[in-house]
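Multiple structures follow.
Two complexes, one shared chain (subunit A), two partners (subunit B, subunit C).
Up next is the complex of A and B:
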């Protein structure tokens, strides 16, 4: 079996201690037979003059970035850690950890309020992080980036602020059955208050949301479409640009849950023409406790506050207050300053590698994971099969017949140090629709390697054998 | 594949079925089928038949029994194997009992537990799960508490059985993955409600 390997990208890491640059090889992708591959996944290509031996193969993205992630180099339960639960949360490179440390050691101070030197510096760095997010998703203005605690809070912000003031009885909100609970529950809560109705798009035979059904559900009653960009269970990718277009055609807004896309590929909000988009820092090498809402400026400007408090006000009287312009209007209280700066450092790190390079690598590795999983007897992998047209995200949710995913995950952890997730992955409606209570999920990120996948598959075979021996 | 434990001796050799040839549990060491020395306390070893004559031995005795049995299994994989053995002994619950009202809340697997108090004022328990490891926990808990007096059920502390918690030894907090604790709490709560 052959695999198409990506050409090695040129990536420079902006932090001084990580200013490594690896020259791009000049060849295009080369087909390499697996038998030739040694322990290093290779990108065989023409030689970089720095390497004397023309047969030395350059490391993959996974191998070259792994050293930046201290947490990956440990043993758990007596085995080397194989961390493949990245859809749940990602690990952080030293650059991000250092950024947080530098903040607290060097210039921790409350933002926007103080006059003194430290406060000015903290404010600058905080706002610089906002501009980094803006640039990362190609927003047109940094005022379109609202920092929140995470994507869940961002969706709640839209539901309570935009939703409560724009939805009327009988208005429809379209979602898919594959949405994360964070995309469903806030709208249930708000719909209950205003008398709006939630409508759900089912899956088709390829286990992907049925786009034809989505088009049929759209009507002038639709006020907002809430959809994922990349599914955290099915690994499928929705045609957001098209969906946004169709939504706008009926006068509806679109909110995109980009938690599983922003960390893994280029996302351009202007190109997609979405009204709202949310993501969480902790899934993209940034700290927990920070995420963001992107909203078109005219929309945000029309929205009432969500949380009240300091920073989001203009003037405060005893009987009423006036409110600030976005984004401050939606950032009540002291923000997670260090964390926002950490997110900025994560964006610098990812940009240094390049989102195209990350995506290309993950498509390859994800396909490899999928194909190797198929070697496990009686396995069912959810979502569409990968192909030229269908590029899956680098994750696989699956079930092995007669083996509960929790038992599977427990054994994998206990005996092999492999970290996957088992459960409903915050998608109970989806699991109910698929007819299962739970599934196991392995999810990769750019610092995973072919060896991680091989070790996981070996461990999985071992696990299946073990439980079969008890039947 | 089931295997039986001889009933009469205080210490027995337990031969486990040999796993298939590519069974290797850790990256660095191959695991071969083991003969496990089963060190038990003075009480008779665990069998399926002993589960009915529970109340005369007392919950505390059985708890000590289980605790020392699992403590003697130093390799986590052996605890898993033991639990899977017990899982095979658990009588399945009627489909009619596998309803929402009987679900033990807070578990990442599906666990059902049915409790009632009998004419002799003894607690009767039945439990089942869709996960084999959870079934093993269920069997142990049912074995301990079925037929016990309500007060006995309520006096047991969860920390007494920490050693049984396969692979999750470090999670002391209440959480979804702590099936063991959740079922235990459910049994205690049901007891509390019935008396």
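Up next is the complex of A and C:
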């Protein structure tokens, strides 16, 4: 149990060597902790084996970062919490929580408006957060980062601002059937208004969007391609660089939903050459209530405002107003200042670990999750199978035959304290396409450990047998 | 399948406030009902196997002190709907769930209910029958039987939700509309399932209940629409001094009941013609030692059922009679309904019944 971990000195970024020394301490404590859990003898032995074997990638990142996340150390319904619903939202490290607290305790003030000390400091920190986002995704200018409430709002911004003024009747918008509702619905609304047409790319046999079909659908009528980077259900990764290239060839723009990629791997918007990219802070260890839109500066400069109000204006008269330059043009009203600063702190935290390290660890752990899930009889995991070429994200959406995912998730939560998600994961068209009403989903983040996966699998076996005994 | 529970004692049944036990809730009834847990069909609509549960030895260690905390999030306060206002089957189910403490065992019980639920035919899985706000798919079908009681059928693709649906169907199917629609969702707390169910599933439960109540009311209004239409058609044909028993349906017209009440008005300020008839009928057939008939139609003025009639639509009836000895609550109510069949067919909409035996009343 985590409480047995030694009191770690306050450090932010464990270096590799430091990680290993922490590992030995933590792992021994974990081992002891697990022995005490009489209900999980299987897990204890698995843990012992895993940690004793030096060739196995010891979950050092998971173990070393867990102490930073206070929320993980609790019991739910009488069992230790196993939080594996990270695709829905991530947990926040103490550093981010502290950043928020410091903001409100030390320098909370409205930004861009005042000239007094607190206001200047708040503005500094807020803009510094913007620059951190810029650096994190390698944008070329911090003016290309527009803070929004979340990725959904960012997509709506593009749809209403860029879409309404650039789409004409008969224009085509290409999406995939696997898009999140936030990437579909705004475009449906706008397409209705302007008379544009939505075209959808289906999945191929590996349950991945069919890239060949995408290429075929592209034409001079295409004005924008809206795709996910990493699918929140299928765990597949799309070749964004290629897609952007093909889109530009036909004169179309590309908007990338990077909600499941930015938190888990390096994303370089200049390298990918995307026109728009959106992400949410709450999925990357940042607070809720803040997200961002990346847009190429010349694009943003050509777009009309989305929401009207203070901050986004230049001069206001009674009968008309003139508007500010981006990003302010798209940031009406008082922003979520503390939250933006919190996002900045989250980026600092993640950068300290290194996105490469996080990604590597998650590929490993995600593969482990996938393989262990296969041990459940009558299970179907959606998306492509992991291989050398196919690197899945560290999440698995699945269904067990004759067992409703909601029953599964309820029992897992009630009897085992395991938090997964069940439902359509805001991807109803995808589920319809796959021929199911709902699925269960387990999604990991870098602070999850092999033990989490083992506990989950053990609980899952128990759950499946419970319900099967009623057949 | 062994379900462990302790024999309900007065202390045990303390999920219900003491005031309710002493004055209203027939303890003898409670004990009788919970001695063996057969899942009895309310009507022979479902294919059941009676399920028996092994009893614990007569002296359980102690009434579980944690029973109230584990089975319900808070002890029911007096602001919750009193349990005896609930349909009898639901009261039974509540007691069953309260005596089962372990969440896992509650699940098992729920799954048993679900397993025995008669499946819903595909043609009834329509949008109108679908419960909104459910994470899984749930359908509820409702129709009126010949006694104007609501019959329910339900189904779900999730076994836990199916259990919940089965629970509701068992509680409400075959019950009269007024009984169904006055149930508030409070009883969910009494079940103690709240702890075992996530918030969203609970909402599904509440939404199921709401849909069932809505359907009951709609069925009722539709049925009444048919009634009042034929009432106005037959208006001119009847003299005001005959109360004709007409098998073709409602025969008493509004003008008729007006005639009656104006006749009797001088004698009885409180009860009109129907009220008197109800009293007479019950007196004659049940030989009650105590009988109270109260016209509460004014409370329902404006509601669909009252329209087209001239009052005398809703009554509170309290009967204390030896005739009820040995009969379950359901049987007692049925007895009274049968006696008042004519009234029910001629504009009486609802009866709120308290039916006791003399011995039950003296226990207080």
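As a working rule, the second predicted complex is superposed on the first by the 413 of 471 C-alpha atoms of A that agree within 3 Å, B and C clash if a C-alpha of one lies under 4 Å from a C-alpha of the other, contacts with A are read in each partner's own complex, and residues count from 1 in each chain.
Throughout what follows, a residue touches a chain if its C-beta (ideal position, glycine included) is under 8 Å from a C-beta of that chain, and two chains touch if they have at least 3 such contacts.
Not measured: the values here are computed from a predicted model.
Overlap between subunit B and subunit C is detected when the two structures are superposed via subunit A. By the touch criterion defined above, A:89 reaches neither subunit B nor subunit C.
Set side by side, subunit B and subunit C differ in how many residues of subunit A they touch, and the one touching more is B.
Judged by the touch definition given at the top, the superposed model places A:422 against both subunit B and subunit C.
Once the two complexes are overlaid on the shared chain, A:79 sits against subunit B while remaining clear of subunit C. Contacts of A:142 after superposition: neither subunit B nor subunit C is touched.
Of the two partner chains placed by the overlay, subunit B and subunit C both lie in contact with A:467.
Shared interface residues of subunit A, touching subunit B in one complex and subunit C in the other, are 77, 404, 406-407, 410-411, 413-415, 422-423, 437-438, 466-467, 470.
Listing the residues of subunit A that touch subunit B in their complex gives 77-80, 404, 406-407, 410-411, 413-417, 422-423, 437-438, 455, 461-462, 465-471. Looking at the complex, you find that subunit A touches subunit C at residues 77, 404, 406-407, 410-411, 413-415, 422-423, 437-438, 466-467, 470.
Subunit C meets subunit A in the complex at residues 103-104, 107, 111, 115, 135-137, 157-161, 196-198, 201.
On subunit B, the positions that touch subunit A within their shared complex are 1, 17, 19-20, 22-28, 76-77, 80-81, 84-85, 87-88, 108-110, 130-134, 166-168, 176-177.
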